[in-house]
């Protein structure tokens, strides 16, 4: 390999051709991706609004961002961030679990496998705009899914799929809190497992939602206990504390890993920013952070359930296909060996095959995750532009720019969206490409 | 201003006036692109106008560009990207009032149409209030094609009789009959997706604040934090409790909400009078028999109006054809072709009422007699930066049912939009 | 086998639809025509497509992607029955939405609006919504094909060349450039929408299909480059060396050695790009106008027009979905492979 590369390098005119061949693509992407993002970012620092041919674009620094996170006008945006968090969480888990189950079922030497596979996969071929239209109709409370039981002689359901302003009713004294505790415990367990195995990236990814859920429970349960209407919601005013806690926990996990890898110096260096942030936190730093004028309660809106079902319907076939191809790549001898060791068929899948498919799980999660973070057409087609219980930032960019004419604010939301996606994608690209080079 | 300049202007004006007739005799040709969000049930009225236009100017090819969906939001997105990109359509649909002024006129995108109004003698054909709505800094900026009324309450007379209720004259009366209707297993008031809730709100607010209070909000003379505004939210909340807001509202289009009234699932519906067009034309119901109407409770004698209009953007490709189009729109003939089909009344005061159905005739009578105020939900009274974000105010209220925080939110947005007083 | 059935049904549908319209034009009984057309369509499909199907089926049967010849371990009867029951139930769940779309599209406008009768079969077949949909959407479908085919081909060719360079002609800085290129496929398109729009206007392509083609080619480059790079990495370097010893240069090696090996890579890229571009909405709605818009936009127009007559948008949805469905059904096997090739290796 090394030798041949050397040989190719000597062929000089060809190397020039090679660079010249790829150069147009590099320039195009440079302009269309980075140039345009730069332009949008520059606009997000101005007060551009209105449709003048040569509109005034005065530089106002980070004011648009500050407004999104702390001013009254950002209420909608904050609700949408919370929606995106829950949507992504349930959408990812749903697609991965259902996809894996379907793949296992199809791996049983099924007659007509191609047919089933096509059926499960085909929703992916439809555009979000089409599925949105279909599901908007199916989720109508007086038709669609709710009248399905009538076909079998039952009574129609009356569940309000989309039309639901209730947040998840969360009663501290009853079962749900135990469930939440259990979830937190399981996630914590996963975090420690990953730490143990020195998978620091995975542990950070698991640690962040764990920390969020924990902070949610920790900082708001006093209100829930006294005010039943606030159950299941959290107060945005506590958000800076959440963020700091999540950052500190992320840093700590990273440190533990560095220590585990024997990189003591690196660990000490990481300790410094951690200590600074933690010190800032202890001295009441988050309270000095710009914050919303009065309590804003957000929670998991039940109206999201319908959207989540529709999106899982559309994309679980994708995880199914990925897992199926992965399962087929596991050597039969390995399964045989596991069976000889006394595993039953289910254990073969969960204990032997699933761990081997971790790269597939990760890349599917990344692809689905970035889709759900930037989702737009689906919500737009199902719920329109202004239905806050299920709205997401992607929709608001559209509305802010093209209906309110606030191009700078819209650009700022788009940039936040980009940062969210990038925070998932960049570590993934970096580690997976690095792993590739090491091979 | 010097005398020479004035005389120069006079000469120039006269020269222009001398040129105009010859200019008008040249039949326009080429392509004319008209941009609107009228399709489906609302399409035929516009198409009839285009047919008429083609008869008058056979050399012009009319390109009827419609972008629907999202109750006009898609159309506006496309229109705005095109304007920003320097590719305006020759004429486009826009709500008269602040949606026109606040978005397009202050952005210096439109041509002043005062010349057209004067030349065609429209200044006394349209009511002064309407012309005021189209005017800004001494210019008139678009040609109104129709007038819709926002504050109308719809019902089926026979159904009301069967349930033993009468049409409420105030929201307090409505709240009294609400339990009776609920006992009959009927939704007292049906609402649909988000914007229809805003639509209901403006009728409630008009009733509770009165004409002066309503106008004061938009003139910046009245604060959103005033006691009566905050109290109005509470009334609004009680009215919503008599509605389907927590059942299936978000998934209903306005037609489906109207269907619920016709089917007897609901008693009342507050919707603009395009609902009359839907019930008359699409559902084939007789006005006064198949459906009945009244001003929404507490707004008798007040006409909350909105108007679709067409303007003349700057830097268009076919100026002559566009001006000819606007002339047709503003003419008595054009308005009487369009409005009976659209289910609206003409903006002009001299339209031939015999062409209109019973509902529209009564609306035309009210239009001439009532006090006229503008609609918020349909772009008349507030700039888009306010009316668009009012959707968020509504969501804050629906989520918290707290009038104080909704009022605070509205005030914050009003301040930002420059109408906060 | 099931593939064949899918095709037959598809052929019959198209045949019966076509004949229905034809008979109506000719003034003959269209319902009768629909029946005849269904038979002719199915037969035609059989004759025309079976050889193709056999070819593709055999080509697509790649080692590692079909079940091994092994005995099912749970061979007890009830377990198999349970397995198939679950699979069939899941199939029904997945197909339910499609059932409503197709049945609604065949209903009369009055029936189609009835919310509580969503699941009922159409009382009689009403093909006219398809007729209207074809009348209204016909030119847009042509736009969509023009857009999708040219953008797919262009981005596939450029991606193939890029992949070739990145896999076999590593240049200094390639390790930095490649991830930077890849990032372009993950960005939310809202964050570049306005600059893109202004750029397209500045080069005088606004409102045309060409501006949209350009946008799709450029934003398609990351994924096509990635797929081809992963694909070409598997091509043994010895083959390249052999070519270079024979005196072939950069383009010679591509033309005579790499390109002939690329067919499966192209199939994967074409499936991916075809469905993506066909279905895309945000760019399409902002970059085109009435004359140049593709079907997704026209469909939104049809469905969004405050319409109560749901049969028409549903018929439009079926028409809009057909080409991508066909691509999936015919080339589905390749697609699964493509999904794996399209993921960054971790």
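Note that the chains take the letters A, B and C in the order they are written out, and that residue 1 is the start of every chain.
Throughout what follows, contacts are C-beta pairs under 8 Å (C-beta built on N, C-alpha and C of every residue); 3 or more make two chains touch, one makes a residue touch a chain.
Just so it is clear, the model here is predicted, and its values are computed rather than measured.
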Contact graph of the chains (line, ring, star, complete, other): complete
Relative to chain C, chain with the most remote C-alpha centre: B
Separation of chain B from chain C, taking each centre as the mean of its C-alpha atoms, in whole Å: 42
Between chain C and chain A, distance of the C-alpha-averaged centres to the nearest whole Å: 26
Residues of chain C engaged with two or more neighbouring chains: 115, 194, 300, 303
Residue list for chain A, restricted to those that touch at least two other chains: 140, 142, 398, 401
Touching two or more other chains - residues of chain B: 70-71, 77, 81, 84, 86
Chain A partner contacts - residues on chain B that touch it in the complex: 70-71, 73, 76-77, 80-81, 83-84, 86, 103-104, 106-109, 193-195, 246-251, 384-385, 388-389, 391-392, 394-396, 398-400, 405, 408-409, 412-413, 416
Residues of chain C touching chain A in the complex: 1-3, 6, 64-68, 70-74, 83-84, 86-87, 90-91, 94-97, 100-101, 114-116, 118-119, 158, 161-162, 164-166, 168-171, 175, 177-184, 186-196, 199, 215, 218-219, 221-222, 225, 237-238, 240-241, 244, 249-251, 275, 278-282, 296, 299-300, 303, 310, 313, 317, 320-321, 324-325, 327-329, 332-333, 335-337, 339-340, 343-346
Residues on chain A engaged by chain B in the complex (per definition of touch): 49-53, 55, 71-73, 75-76, 79, 136, 139-142, 160-165, 293-294, 297, 303, 380, 383-389, 398-399, 401-406
List of chain C residues in touch with chain B within their complex: 113, 115, 194, 197-198, 200-201, 206-207, 285-286, 289-291, 300-301, 303-309
Complex contacts: residues of chain B adjacent to chain C: 33, 39-43, 63, 65-71, 74, 77-78, 81-82, 84-87, 253-256, 259, 282
